[in-house]
């Protein structure tokens, strides 16, 4: 067991080192792309924590917005250092999520999905409606970047390192949650909620916990995004963006921790490489989505194991 | 031979629900399948009706293979099922439910006469023909479910636990009607947990245990079998 | 004082009474049989005891404490655990993980200790407990298998193992012998006795008369939501009303 | 007072459209268990069809409307056959497929109509019905509401009075029991999406002379349809129609007397309130465990 | 109704751009990073367009790209542009950001660092705000169609063409002069900041200055399905003037005015599809409707002070390939491109800072409708917007016709206090 862990740790370290040198070999705008992609990975992985309980929400990206606005307003209007406002973004999103648990978790499944959409949309409309302090449709601009010594965080590479560090820490925490007692209980809540209750699991509490924790991390992701972009608008957190998160998670596969990550990476790269198609891009993207669902019904995550199995196949006789 | 199952296997995911069942039903026969929960009784009926696909084995009805046919084709051949738990369409009226039973048929006159004969069997359904099915009592819903199956003018009627949750007196009534239906030439396969009742009604019986046929024979001789007595009759 | 007291419990769905004015009591340490025809209200009774639904009237008292109206997880916390009619397991988890979920009450942790690993001691105790119970239930050879891959008998044992890991005082077993062949039934009966000997009071709903008669010292019979009779297996076996209700009266046919 | 009467009429007109959108969505969800995200785009295709045929090629409005209905129905059938049927029992897969279709149809609209300002169709029924100087209803809207009500009545008749309609409801209520009655589930799904597509096409064709036509116009449609569906209770057609009219009244009156943004917020919050009080919608039933 | 002359489909599919981009895109998707083919021995200057080409905002991006390509092709066909002794071909490099701030940042950097463009034209709003920090540091000449994007911190961001929403004032001024009896007005607009509220504030200032009282301003979202309720509620106020401050929904709004029996004057910000409006109402109903955007085949655009070469020819060639896709941005982006050419020639360089310097050095920069002035310090804190004359357009006998040119600059200079007040009332940013 420790051997496996050792090789895993080695693999992760190698990957991190690889990621750290990667931006130096990228085109400039791909450095930005990498930053946003890394942030989006935190978005999908935190969303997966939510889906562990079997509930799919449409409010996740709005919670990202809550974090983004929290950090933006704290740092710009109240002069908080970004190093404080960023964690506060997580706290803010978590608090709002905690409040929303009461109405939302009266519903389950499809009703929860749509109910979460309605609540999220109401929050978003509030950003548009209340020009003070949210800045209406044009949102908040001139949000300061973080400051540390003489590091220039407007430059993509240092900012990427910051994002990489924060996202890695967040992913480690999320991974640990998923593989802890709590993750196990969340699984249990999903698959057999009545059996879980009969052994003493407070399912409402665990659903809420998953939602709040997911919101905390996506709030941090939102803060990471705004301090690089320098502005935040309600437009960024609309249902259109949420649909992309859903697509990443479903096409990537939601049975493993890495499925959504794979989905986000592959589909984002695809989307970016299709950008030369200009206005025809969405159609090709849509066709590729359909193809992915038809030919890889278990998601992209099912591809590496089946390749591995294909290579191993001659060595071991088929089971059964 | 009206219906024959030969060495039929069915798997749910990886678990074998049927492990090679062979059953034969003659024309006008009354066969019962008894056994404990999970023995594969319901699965057998579901497989005959085409709701489950056998992973191996062969099902023949009137010398035609049912193994790969979809449920609607099987019904058209004359195999109707009264599913477990009645499963009437609760938001539809009694009459609409009955008409849906004759969904595959086009002959309006024949449908009308069958409808009358169903109402003959179950006069209470006639009284309630305009009510929504959900307003019926459990026994009436069971009658509706049987009546609905009869509306397809079946040669073979499959019944899955018709006595489930019904008062003894209602069970008695339904039992009587089943015998009547059988007398008119409709072959019946009855799955029942109430083995006492089932063996009393049927001509022949099969005892299923964990997806296998453990015993088979005349109903009366099965009822005298020691194993059956202790395991299923609770005596 | 009885461990579990059912006092005048009624449960109505719409106009239909699933239970009407049922009272009985279960003593500490016994195996109680709860039998009756389908629809007699046995499952409803179980649901009410375990908190999955609330009685319309009456009271359920456990260890001197009124529990009717509590949520299932709170009732589980007090020491009542239930197994389900069909084999209900976490099919996608391994045998060991299934048992671990059962340890919820001892291993319950907060998110910070979970992430920081501060609950290691607690978790290793839970693991020990899970292993111990699996060993007890004879499943220690199969801990890494997926629950869905187990044969039926072992699935049932696992379901009981999940229930046991939560350290219950009272276990409600819903048709644990359903679908078992005689050999499996025999093994399961032995296990049930073993569980009972380890100090767990058991209430059993079962149609398999042989098992019920063999296991229980005392049997409660429900019919149409009312208490028909109570008595020892011998009394029940010869009670005319029970024979009439339970065999559906079709004998005379 | 004038504003009040005018608003009542406006509410009914809007409610008719909302109902047309929602009923199609409910039908597909009920019978097939699929959330068709591309439903709004089907409406959009209906509107574009009328624009191309009627405004560009000069075909009469009524024939163009009929072709729009048939075309959208056909697109729906293709979606069922090639995208939803292989994904039976995988609602998330079906959802992604419908999102794929959504993207493709939006680009198709862009290719056909180009970009620039929203497309417009001149009303084939110009003029205004004026009643007593306090009520003015454009003839085109009168036509739309009449057709919408007629279509809904026809659907009601189909579902409650014909055997085929019963079979649709039967599949929605209990797939397996329906299959045991010899109802071909695949064929029923085809009928459901066919009817849903026809209603979407009709809604689009009726909207064409009244509203802006642009590739992303389906966005409002799907969101409104969702709200109406949820408030009405999933799977309940009468609930959807009732919720559509109620929502239209709420939206119209709040818009007329306060503001559009507040109206939308009110709509969303009321929807959440409905779900809190009755988590399965007005007419919805408890989903069995 | 602006009918497409031939089959729309044949044209659309036959377009070289479609095939070209499809092939290029598929190629790019397959062999990411394949080098682009370029003509080796011609000097080329690339002008970037970081604009929405997909999604809801596409109509404010794509037509501009089409228009810019026409103008660039015309310049190239005439032998290119002479700048500082060299002759340059102009090439448009476009990136679709879909009105997404992330993609806007990426697209901007791609255009500047990889395509080496010398100016980036953008639409404005949040997509500009997100690139401002980097663009300003990079000293990249960037243009916007929304002068309200200008802040004291944006020295390299200019708005040389569209002076949204300032141009609105001339229409109101003209209308009030011609109809001194107008007393009251209502305004309908979208609830966004960049377009809707800016425009509403400006209109309100213009009405106040003209002595017309604004009875009500309705802000609606982009989710309006039916304008009947809003129009009903506004008409209940019995206004003399009905003013539409944003352009997205003008057709359905005018249609409602028509059906609800409105008799007063109508003012609109733009009315790109006015033929549609006429088709939906009547020629008589829209007679005299005032707005700000002329047809480019308007006789008054020929000769004189107009700084747009052959507007009629431009209009014709645009409609040849892109019938029905015309919107104001179709000529606004090309107009900025022409401003760049003028400034680059003056500077004798294509370098962004030099071009900007030349632009700003010109006291009377060329503006589409005549000479302009740098303005904006009073309102936004920096004089980086060019404003000058702007036409007042009204519908006469079914055609949009320029009534006269009026100076936006003069109005702004005189009434900036009122303008600031109205902006402040709507919580809009002012210097």
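Here the chain labels run A, B, C, D and E in written order, and each chain numbers its own residues starting at 1.
Just so it is clear, a contact is a pair of C-beta atoms (placed from the backbone, for glycine too) under 8 Å apart; a residue touches a chain by one contact, two chains touch by 3 or more.
Remember, predicted model here, so these are calculated numbers, not experimental data.
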Chain whose average C-alpha position is farthest from chain D's own: C
Most remote chain, CA-based centroid, reference being chain A: B
Taking each chain's centre as the mean of its CA atoms, how far is chain A from chain C in angstrom? 41
Rounded Å distance between chain C and chain E, as computed from the means of their C-alpha atoms: 73
Could you tell me the distance, in whole angstrom, between the mean C-alpha positions of chain A and chain B? 52
Shared-contact residues (touching 2 or more other chains) in chain D: 110-111, 115, 223, 261, 264
Of all residues in chain B, the ones touching two or more other chains: none
Mind pulling the chain C residues that touch 2 or more other chains? none
Please list, in label order, each pair of chains that touches. A-C, A-D, A-E, B-C, B-D, D-E
In the complex, chain D residues that touch chain E: 2-3, 6-7, 10, 13-14, 17, 52, 55-56, 110-120, 122-123, 128, 130, 136-138, 141, 209-212, 214-216, 219-220, 223-224, 251-253, 255-257, 259-261, 264
Along chain A, where are the residues that touch chain C in the complex? 173, 176-177, 180-182, 184-185, 187-188, 191-192, 194-203, 209, 213
Quick check: in the complex, which residue numbers of chain E touch chain D? 1, 3-4, 8-9, 12-13, 18, 53, 55-56, 58-59, 61-63, 191, 218-221, 223-226, 228-230, 232-233, 236, 247-249, 251-252, 255, 258-261, 272-273, 276-277, 279-280, 322-327, 330
Hey, which residues of chain A end up touching chain D in the complex? 56, 103, 106-111, 114-115, 117-119, 121-122, 125-126, 128-129, 194, 239, 243, 246-247, 250-251, 279-280, 282-283, 285-290, 292-294, 297
For the complex, which residues does chain C have touching chain A? 50-52, 71-73, 76-77, 81-84, 88-93, 97, 100-102, 104-105, 107-109, 111, 114-115, 117, 119, 123, 126, 162-163, 165-166
